[in-house]
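Both complexes shown next keep subunit A, but they swap its partner, so subunit B is in the first and subunit C is in the second.
Our next item is the complex of A and B:
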């Protein structure tokens, strides 16, 4: 049925449904809270949480928490992105590097990296350095793997044509290999960013030091449930915005690529 | 084409290559791991790194044996395993059911799927404090965290898998007189299986992250608790042994799952 509708009407209907589902979600939350099946402590009502969110927003606590979390996440993520791309491309192109890192990467990829957190605390303390490095360590693996696969799978004909046209190694890397690998590299980055955020929040919950993870644990320890729920909502919104931003960046960055043009 | 393919598979499985060559290859492939292990042993022993910061591998191995013998590895391992099994198992059952139903019934889809897509990127670790508020400091809050964190990846992959099932297969099954229920069980779910299994693999990785993180925060038992307890107490050789155990646990769980996945999807070729 939906397929037969004209695109504009269909789009507005979809938007209405999206908004409607949001209303339904908060409505269900509010009704459950009002039914007093659960105590107000276990499930604070929507207005209470919204008021708390507004209060934290006006007082500046929320903004400083978000900023702190995002700074740590982004620095760690940037380290993982740069290191992961360099390592992934080198693994694909230099046999000796591949020999050394192949078993390490395939052993490290499925490991739960959070388990290394106490080691990072031992080596780098409980402040920003250990959190940032922990974020980088946890999110680097998908970047390495995708950059490696992306560079490895470059179209042979493209490589051969470039070589027969006399392109040197340096230009080949920058003008052929990296652009051709970009879609897959970006996929790696899209996998890595949510991991970076998850791990940064775990680090803040475990080591303290403010940020959204630190604040939510503080509220939990004081049994301040509206505060915990307010932070959950805030963290969910931050996660949503980051993932959306990555999707938009991908479309911009890959404007020339088939995937953008066909979609 | 198919002939060369089978030869290639045979070569990959190694049946055409002599054992000695295969052993040599495995050794060359595994050598970097041995080098890292040797570096780990030598660097702290000769004083390149303080043994406080990095206990030599032999000390870690000894400490691991100690943990194994005094039963702390077994008792904490069992509670971690229970949490992962219960949380992940529950999320698989509920997730597949919800995902397939969403794909099968359009009205459910219209309401739930935008909600699910906007909640999907939520950093799952943030749910742990709420679960502690709800279920207290026991296994319940850890299982609930794992369940909540793993649910959406399973729902989303089942939903995508079920929607991606070839419509002509559904129509022909119906045309041949199969009931909706049979089509669901015998066409839609098997057709969605590859994607469902990939989603579960994703959820498996998430379940380990949440298991460790929740055990750091909730304490009392579990491998995550064990390593953070040993770290706080300054027993670093045992702490490293614990970290390696959890890492190996996660690695082998993924490998075993991968084997299971290949086995279950073999009919697709």
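Our next item is the complex of A and C:
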């Protein structure tokens, strides 16, 4: 059992497994490509895509695409994070706000936000503002929901303890409610970030304006399938790095939390 | 002055779903200033509820509770409470938990650091100052909760089974510490416990509660004449008579509580 091993050995085994799954995936891709079941246009081989990736990296196209996409993603995500936390906490603590937003959030949460894309294009155009707002709008819901639930369900006895130690209403929010809700709020952010990336790339594909999504569409128009595949791989890597970074931040930030303690 | 008076206090819980629960029915009890009263009674008889009402955490709906002659209206720093489930702040270390109340009081930094260190030593947690609650055992958490409450030096101490999670030896140590604190800075204490011997040992009087709905069934004077302490006191006839008497009362109620559930 992995759970019974000493941490260092377990860690290296897990790394080996992860690398293994990558090797297996690219191996299967390469074998399929070499079998010529699909034409080279439909499924370029791994070395071709890798070479293309390298070429775009050296030329700087890839980096500028990634940077542009990440800037839009992060600005949209930051708006969603701040707005979502403020809204979620207000919903949990102010009855009037709850009365107003409860049905709206329930309706908005399961809604495919990309459906609003045409409307956002009409309202805000096809440039950065429009994309960023679309990203924020799409990724704000999980943040609202988790911040709401987190600040709503604070342990009664912890609240009472703080009250009897002399906290006032205003400080309570900062000193007790938010730290207590942090694990759940962070879960919301962890759900929101990949959504932000996805929606930004979809926006770039629909509206143009460069970035990784824009580059995919350009390569597509030029029937440049290695280029399309290269960007898909790049997007996957960027997404993976973001998710990992969030996990590491979580562990740092929630050192105190049960989940972080060694078993 | 920190005398406490309950007069005909009644409390009904009204869960959002399910039917109302009558937890307390006409509880009347007077606790003198600087008196140590223990509450004994079967599980579910309303002991914690009584403390929450006195703490001002849940509103008194029927009857009256006064502290120093003034009706209870919300929580106050003069009434410190140790909760049955500790209720520590999990994102704060042991030190930060204890410091919190002192910060709220606006105590100077040097002074509050010193007080915190003293309390850490008092509850035998030296070396764990920077641990988080999730890294501590149940008994250790309980001791942090006690230290956190003692830190702000409340006149009235409400304790809900504060030693329940401790082993016999640590518990005996904590008994002596508590008594020592009381000698240094006498407080009015309402102390909930299931342990009859603990109640007799610590308290001036023991109030036995009936099975739910809780009432005060009998109040037993446990201020012992003997000057013996510790192990010695536990051997005295006087001590053991009180324990036997209380045992019978508690057992009867426990049986009644059982019957009510079947």
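As a working rule, the second predicted complex is superposed on the first by the 245 of 263 C-alpha atoms of A that agree within 3 Å, B and C clash if a C-alpha of one lies under 4 Å from a C-alpha of the other, contacts with A are read in each partner's own complex, and residues count from 1 in each chain.
The rule is short, and it goes like this: a contact is a pair of C-beta atoms (placed from the backbone, for glycine too) under 8 Å apart; a residue touches a chain by one contact, two chains touch by 3 or more.
No experiment lies behind these values; they were computed from the predicted model shown.
In the superposition on chain A, contact is made by A:42 with subunit B only, not with subunit C. In the superposition on chain A, A:155 makes contact with subunit C only, not with subunit B.
Of the two partners subunit B and subunit C, more subunit A residues are in touch with B.
Of the two partner chains placed by superposition, only subunit B is touched by A:22; subunit C is not. Of the two partner chains placed by the overlay, neither subunit B nor subunit C lies in contact with A:34.
When both complexes are overlaid on chain A, the residue A:63 reaches neither subunit B nor subunit C.
Looking at the shared chain after the overlay, A:111 reaches subunit B, while subunit C stays out of its contact range.
In the overlay built on the shared chain, the residue A:86 is in contact with neither subunit B nor subunit C.
Judged by the touch definition given at the top, the superposed model places A:257 against subunit C, while subunit B stays out of reach. Common to the subunit B-facing and subunit C-facing surfaces of subunit A is no residue whatsoever. The touching residues of subunit B, when paired with subunit A in their complex, are 28-33, 35-36, 53, 110-112, 114-115, 118-130, 132-134, 205, 208-209, 211-213, 216-217, 223-224, 227-228, 230-231, 236, 239-240, 243, 246-251, 253-255. Against subunit B, in their complex, subunit A makes its touches with residues 17-18, 20-22, 24-25, 41-42, 99-104, 107, 110-119, 121-123, 194, 197-199, 201-202, 205-206, 212-213, 216-217, 219-220, 223, 225, 228-229, 231-232, 235-236, 238-240, 242-244. Note for the complex: subunit A touches subunit C at residues 155, 157-158, 160-167, 176, 179-180, 182, 255-258, 261. Taken together, the subunit C residues at the contact with subunit A in this complex read 52, 55, 57, 74-77, 79-81, 83, 85, 87-93, 100-101, 104-105, 132-135, 148, 152.
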